[in-house]
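Every chain is named by a letter (A, B, C, D, E, F, G and H) in the order it is written, and numbering of its residues begins at 1.
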Amino acid sequence: MDRHDLKRLLDQVAAGRMTPERALERVRHLPFEDLGFAKIDHHRALRQGYAEVVFARGKTPAQVATIVKRMLAGRGKQNVLVTRADAKTYAAVKRVARAAKFHPLSGVIAVERSREIRGKGLILVVTAGTSDIPVAEEALLTAEMMGNRAEALYDVGVAGLHRLLEHKGKIDAARVIICVAGMEGALPSVVGGLVGVPVIAVPTSTGYGASFGGVAALLGMLNSCASNVSVVNIDNGFGAACVASVINRL
Amino acid sequence: MDRHDLKRLLDQVAAGRMTPERALERVRHLPFEDLGFAKIDHHRALRQGYAEVVFARGKTPAQVATIVKRMLAGRGKQNVLVTRADAKTYAAVKRVARAAKFHPLSGVIAVERSREIRGKGLILVVTAGTSDIPVAEEALLTAEMMGNRAEALYDVGVAGLHRLLEHKGKIDAARVIICVAGMEGALPSVVGGLVGVPVIAVPTSTGYGASFGGVAALLGMLNSCASNVSVVNIDNGFGAACVASVINRL
Amino acid sequence: MDRHDLKRLLDQVAAGRMTPERALERVRHLPFEDLGFAKIDHHRALRQGYAEVVFARGKTPAQVATIVKRMLAGRGKQNVLVTRADAKTYAAVKRVARAAKFHPLSGVIAVERSREIRGKGLILVVTAGTSDIPVAEEALLTAEMMGNRAEALYDVGVAGLHRLLEHKGKIDAARVIICVAGMEGALPSVVGGLVGVPVIAVPTSTGYGASFGGVAALLGMLNSCASNVSVVNIDNGFGAACVASVINRL
Amino acid sequence: MDRHDLKRLLDQVAAGRMTPERALERVRHLPFEDLGFAKIDHHRALRQGYAEVVFARGKTPAQVATIVKRMLAGRGKQNVLVTRADAKTYAAVKRVARAAKFHPLSGVIAVERSREIRGKGLILVVTAGTSDIPVAEEALLTAEMMGNRAEALYDVGVAGLHRLLEHKGKIDAARVIICVAGMEGALPSVVGGLVGVPVIAVPTSTGYGASFGGVAALLGMLNSCASNVSVVNIDNGFGAACVASVINRL
Amino acid sequence: MDRHDLKRLLDQVAAGRMTPERALERVRHLPFEDLGFAKIDHHRALRQGYAEVVFARGKTPAQVATIVKRMLAGRGKQNVLVTRADAKTYAAVKRVARAAKFHPLSGVIAVERSREIRGKGLILVVTAGTSDIPVAEEALLTAEMMGNRAEALYDVGVAGLHRLLEHKGKIDAARVIICVAGMEGALPSVVGGLVGVPVIAVPTSTGYGASFGGVAALLGMLNSCASNVSVVNIDNGFGAACVASVINRL
Amino acid sequence: MDRHDLKRLLDQVAAGRMTPERALERVRHLPFEDLGFAKIDHHRALRQGYAEVVFARGKTPAQVATIVKRMLAGRGKQNVLVTRADAKTYAAVKRVARAAKFHPLSGVIAVERSREIRGKGLILVVTAGTSDIPVAEEALLTAEMMGNRAEALYDVGVAGLHRLLEHKGKIDAARVIICVAGMEGALPSVVGGLVGVPVIAVPTSTGYGASFGGVAALLGMLNSCASNVSVVNIDNGFGAACVASVINRL
Amino acid sequence: MDRHDLKRLLDQVAAGRMTPERALERVRHLPFEDLGFAKIDHHRALRQGYAEVVFARGKTPAQVATIVKRMLAGRGKQNVLVTRADAKTYAAVKRVARAAKFHPLSGVIAVERSREIRGKGLILVVTAGTSDIPVAEEALLTAEMMGNRAEALYDVGVAGLHRLLEHKGKIDAARVIICVAGMEGALPSVVGGLVGVPVIAVPTSTGYGASFGGVAALLGMLNSCASNVSVVNIDNGFGAACVASVINRL
Amino acid sequence: MDRHDLKRLLDQVAAGRMTPERALERVRHLPFEDLGFAKIDHHRALRQGYAEVVFARGKTPAQVATIVKRMLAGRGKQNVLVTRADAKTYAAVKRVARAAKFHPLSGVIAVERSREIRGKGLILVVTAGTSDIPVAEEALLTAEMMGNRAEALYDVGVAGLHRLLEHKGKIDAARVIICVAGMEGALPSVVGGLVGVPVIAVPTSTGYGASFGGVAALLGMLNSCASNVSVVNIDNGFGAACVASVINRL
């Protein structure tokens, strides 16, 4: 509801083409749907070109299924993405969305309705170790469902630099890079120093001891001396892919 | 030193157009300059289109001046930026760089040599409060020195939403937004929800008590539910502008 | 046992209307009941108009049932509330209190004996997301059991401001507002800025990663720039409702 | 800018009594004043019955004086309060506001323009120790400037219970209580257990060692078992008084 | 092995009453028994008058049983105490020690062999709430097994002061007091202020949210303004009773 | 004001030997003196045999001097102790107390009025390093002013065990031991294992880096496996000596 | 790929003994094997003389077995070590490696193919308590698999010094010492003070309460005043043995 | 004082070649010197081949000078090293030690009396940035004073990998490497992966914001995946050099 919309509305009222009551109604009728326990924001998907997304943790399978059902009934043909789901939630979703596919490693349920590529370049998802792959997969699937070409490069931590440098070509080909690392918070610094494109860093909670559930990696990434690196929450592969996706459409 | 460069080098050696000794020399002669206490990376500026930058904290005024002098002697005509400087450092820099200007609020010294605009859109710097302005100024000056159009919008914290919503037009005009906030870590969430472009969040250390030097804002920003928000280090206005600048050239 | 009571007692003793022994006895006989493992404070319920409350965590089902039984045998007709209970505890309580109802989402057991409304206005419970509902329900049920009209408004986080602003009318109708949020510690700031009544903020432990079990939300709330906001412990829906209830009777 | 206002505006436009341009202008012209570095929110003062307030830390003396000057030029006759000020800021303010008084212990500058009492009862400010007095004074002055009767009770920490119990009469007389404590986070619990009115707890940073700048007191207060206690930020005497003031007008 | 012992040994060697080899042997043969995975320190029990103690956590049932068996075979008639045990460990211990009794609330296994009272006065164990009882029981049983008279006073938290003050007589009768509290770190301060004897404070991990597993209580206790309070580790009822026991023999 | 006192009072009233008014007065007239900003608790000194103590930090020199003056005017002949004072405060105190002596290392001002030894044994103060001496001195002076024989043993950290073991005789002679350490939190464990008497551990803030202002030492002490060790706040030499003094009189 | 290698390569190309294409290929063909989800670094084992190692946590049993299979197929005859494995992973590994042995206490799977001793001296693994043994066993097995003589000394915590001093001979015989401790972070300090060889400290997460999962021990070790002590991550017995092994070959 | 020494002593006594009194005296007379406030451990220097060292922080200039004087009067010809000193301390030391040299950047005072090289190889000190040089200099000087060849390599952080890789030759030449980094905790991981020798990591407190005084770097280093890396305290250049020196003599 920006100034421009308001101006047009007022013009219509002034011109007698719309009653004040109806104008008020339109102002009020914001494009989200109220399910009581949740308010679906169709508008955001439309406005930001996102897929529609449900964060499953903290919701019952029935709640998630209801939300997905309403999303599929919406106007657009956006893809629908459920994150942090388990097998039970998948079973419930499957009943309302035949096309739903489950990726158990990352807990992602994807309902693909569009294969349109809207991102201008490649989003590359890089991990430091094998145990960072679940978070990387969440990022990869999210990036794809939001209309991007996306590729992965796993297990290229900085304690064995040659593994990373070997793939310099792939790294140079990306328009946006997502770096996922739990014990080696330095990966984004090293990668960021090699390229001239934005790097989104995702700390993961996969370490032990003084990794403190991802805090060590998070701090390492925030202190990066590579000036093209920004950071999202621990384990937030989804968020990293959203940021990358928004950038990739610019 | 990527695969392509290496290939060409090897071709020249194979063709007898270059001796192995000289090839080795060229491989070794990477484009940075070694001052002993610091290694100036002219290459990064060239490669990433950045201004040349010196982080003054932890360096003596003489060291900073020496680095600036070498930078100005470099091949390109990049702008030179000194961050976290004080009056003494400025005096030393002024002697080697007549054009240097000092911004005491943010501690930035700027030596402008080029006004070329290389960023495609507007970078908007938004602050929650008046005390966040020094960090915002660092971001603003950095963005400008790196060839972007940049504007500021100050004191629009979320506890008085109308102050923010009033400027919806300006916010919608930006291609990248930098949100600077010390007590109201929520500002990026609110701004991020209003727009469809990338938002770079910068926590500041300006609060007191349970703000813990910016940690409260940092955590609030990392937990943002707006999916176009990523975060940089506390008080790192410079870094936010670098990330924004890299994005703005895409 | 205040000065006034003591004065009256001494007067009676001085007038020979009461023996010193009996006076001593009365002084000693404070209105709580000692079950050995717990001391039921009937007096607090009387004095503060609260329902009688048992915090079930850390107590065996048998202990909780015994306490509830004694409460129901007490002088007043206060409602009895058990918080943080599970199905086993409910089974035990059900045996001594036929009217007990269990709310599994929040773990609240409610034994309603009075529907008297003692609060002067409406207590509104607002959540940022769906996963904050269990804590909100604890607050809602507590507020009701303590004699208040209470309503809920769920899933109106600040990353989608229009969802919140749509309900401005409901928000304006409240005399006290409880804001429950786990990832968006900013909700109370935004709500607090919209109204002129007290806002009680409840951080929840529902986030992940850098939400640190509710700490991020807690810090965000403590740093709120809206000056009508105060905060209770993480997940403490019960406490928020008690504070709201005390205020609502003023 | 609520629904009611909008409806009336639209009616006027529909009735031809107002042009769309002018309506738009009025919508835009929110009642705050833009000084560039700060946006004065006259509206909040009007809407919430608060005094106008400037948080001086992080602002230059000149900035504070400019803001105060504009506040005094505003429509209402609200008191003006500057918090966290020092002698230099006071000197600057004194020049634009003859009536300004400085309280160096707490750093409060008060410009009293109205002595109207708008709070219904007494606000009592209690401290655990002598070193908590500066924060308590900020609370006391704020409460008074916002139109409340306010009194203080200092140095009644729980390690010497009789000092507190001696003043039971005063405590019982209060409608809202503010508890200020840096080493004895327990004071609000004890006071809260003695009364049936809201208690606002303010941790202070006055301890040493494992008090961690007020964190120990903050945590103690958040864990309070007295259910009428809520908490504000460390050293935030101002905020506590605002919350108390909002409650005291109900 | 102190100077006095060494002197006597050297005298015997010098007098030819002992060979150097044998002296060396005696110096080496320190009074502990080596089971490979553990070294039983019979000497400490003898030296400090303690019961023999096994900390079961991190040891297998078989290991614990082996240690207990060796302890019972030792010279003295000390009581044997196993802390942090579960039912499986109890079953294993029962096989080697018929007299063993299990206290499941606290996880203590006690093998009583002596009822001699060696402590000079009463050790009183006080808890703030019902959920603190397991830790209190560990303290109580330890105190008894180490030859002290010990009593308990449960659920007398400071948010209901009259519950505590009612038992002033019992409190005054103690020679050493152990205060156990998880949410009300203030209890030791209040109790410490009422008496002139040592108070040992034990924080417990029984709270939730911002109690951070006992940290809030721990910090509250360390900041106590009552100068007769010292603190042991979170949940360390055993340690508190040991300290109390050492004091009670002075 | 215990039950016994109340009983006697009531008897006197019943017997007509005291009017109710006077009885009330006596109940009210608790033995502390109210200076407004502070309440001197003469009673505690009497009751607990402590010296009278002022914690100077957070009080003005004038406030401290006023309190000391009133203390010296009190009934008893207790020593008067001011902790955490500086030279200015000493100058102010010196004016009201000729006998005052200042110990600048620890910031202690001592006004000795009694040399009576009331503690039964020796209190030994041990430090790990030279930089722990200021806190140790506070403990030493406090112990002496409270009527104990006290001695010091400095710079005997565990990284050079022989320095400690050399003084085994002195250590064995103590009835209570105070262990002061900032980098070697292990000292109390080692000392505690050598003796059978209570050990009070005092962490100090004298380390750097990961000592975190004494936190490392504090945690090390709380985790001590020597079961005769309890802990006080970081740098709290005064508190350690108070605890030791209370124990030493048993 | 160091300068020397590159030089030789260029020489060969210049001499026409190698085509540029092939040279490029060799530069690219770094000696690791890419399994997609993991990149096996045979080179590191060769280069550093390590056994080949798999960190099992975060990998599926099938993934671990695949990696082990490839390792056994490698050129060298290095031992293969799997850390942090469970019974399921062992079953999968057993199928591809008959010689595999499982150590359930530490979760180590060892496939011994070489008994060559390459370390020059003895590596001694010392623990403070019995519950530190699992981490110590990981260190012990790792040290052995990497070609070192290694011995263990368990349960010699500093609270019972004589247990440690008794084994002075064994301690003096070591060339490198690994100190493993969860509650007594002081053990490395004490051991380090007794010897003149490097001490690697390993904090463990075996304590409770204020041990904070090993943080207390970690901090104690970092603050060690013994100057031959360095530290690895909490529970990182493997890492400690690697460091010790690298040192032991010097 | 090990078993061997004791055995010989006892032999002498048994043989009548030494009186028991004298034997006792020798046992007692450990080789440290007691200055009251400090105990100089000449023995450690002898035993471990270290220079004699004074940690100046927390000691007065006079104390440091006295210690240095005694050290110079000792038997050996060890170098004397004072760390964390300032100009005042230097002035005091200069008076007792003509040869003393002051390095203001690191605060090291060095009194060189021996140039003997006792370390077998090169110790290389590497820093990530210019602001890490003070800590690196402390390490460099310490390594030299302890009889090692030592070199430095500054400003080779991982965000510009080529700066590091350029010096691969120098890195390969080292026998022990010390990595000093404040913002790039990853440097030791990268360096450790390039070499087969021990790497000692030193976090520094030179960053800002979320570097938390060196904690971010510390955590990054503890989580290193390079298995030849161990860590010392933040800013502890001295300790790193001691560890390196002990290793370099093996």
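Details
To be clear about the criterion, contacts are C-beta pairs under 8 Å (C-beta built on N, C-alpha and C of every residue); 3 or more make two chains touch, one makes a residue touch a chain.
For clarity, every value in this text was computed on a predicted model and none was experimentally measured.
For the pair chain F and chain G, chains touching both partners: E, H.
Between chain B and chain D, two chains of identical sequence, the interface residue sets overlap only in part, with shared numbers making up under half of the total.
Think of it this way: of C-D, B-D or B-C, only one pair shares over half of the F-G contact pairs by residue number, and it is B-C. With centres taken as mean Cα positions, chain E sits 38 Å from chain C.
Inter-chain spacing, taken between the CA centroids of chain A and chain D, is 41 Å.
Within chain F, the positions touching two or more other chains are listed as 3, 28, 44, 129, 160, 193, 209-211, 215, 218, 222-223, 233-234.
By the touch criterion given at the top, residues 128-129, 157-161, 183-187, 189-190, 192-194, 207, 209-212, 215-217, 219-220, 222-226 of chain D touch chain E in their complex.
Touching chain E in their complex are the following residues of chain G: 129-131, 133, 154-156, 160, 162-163, 166, 206, 208-211.
Those residues of chain B that touch chain A in the complex are listed here as 2-3, 44, 47-50, 53, 120-121, 168-169, 172, 175, 193, 196-198, 200, 218, 222-223, 227-234, 238-240, 242-243, 246-247, 250. By the touch criterion given at the top, residues 1, 28, 30, 32, 36-39, 41, 43-44, 55, 57-59, 63, 203, 205, 213-215, 218, 233-236 of chain A touch chain C in their complex.
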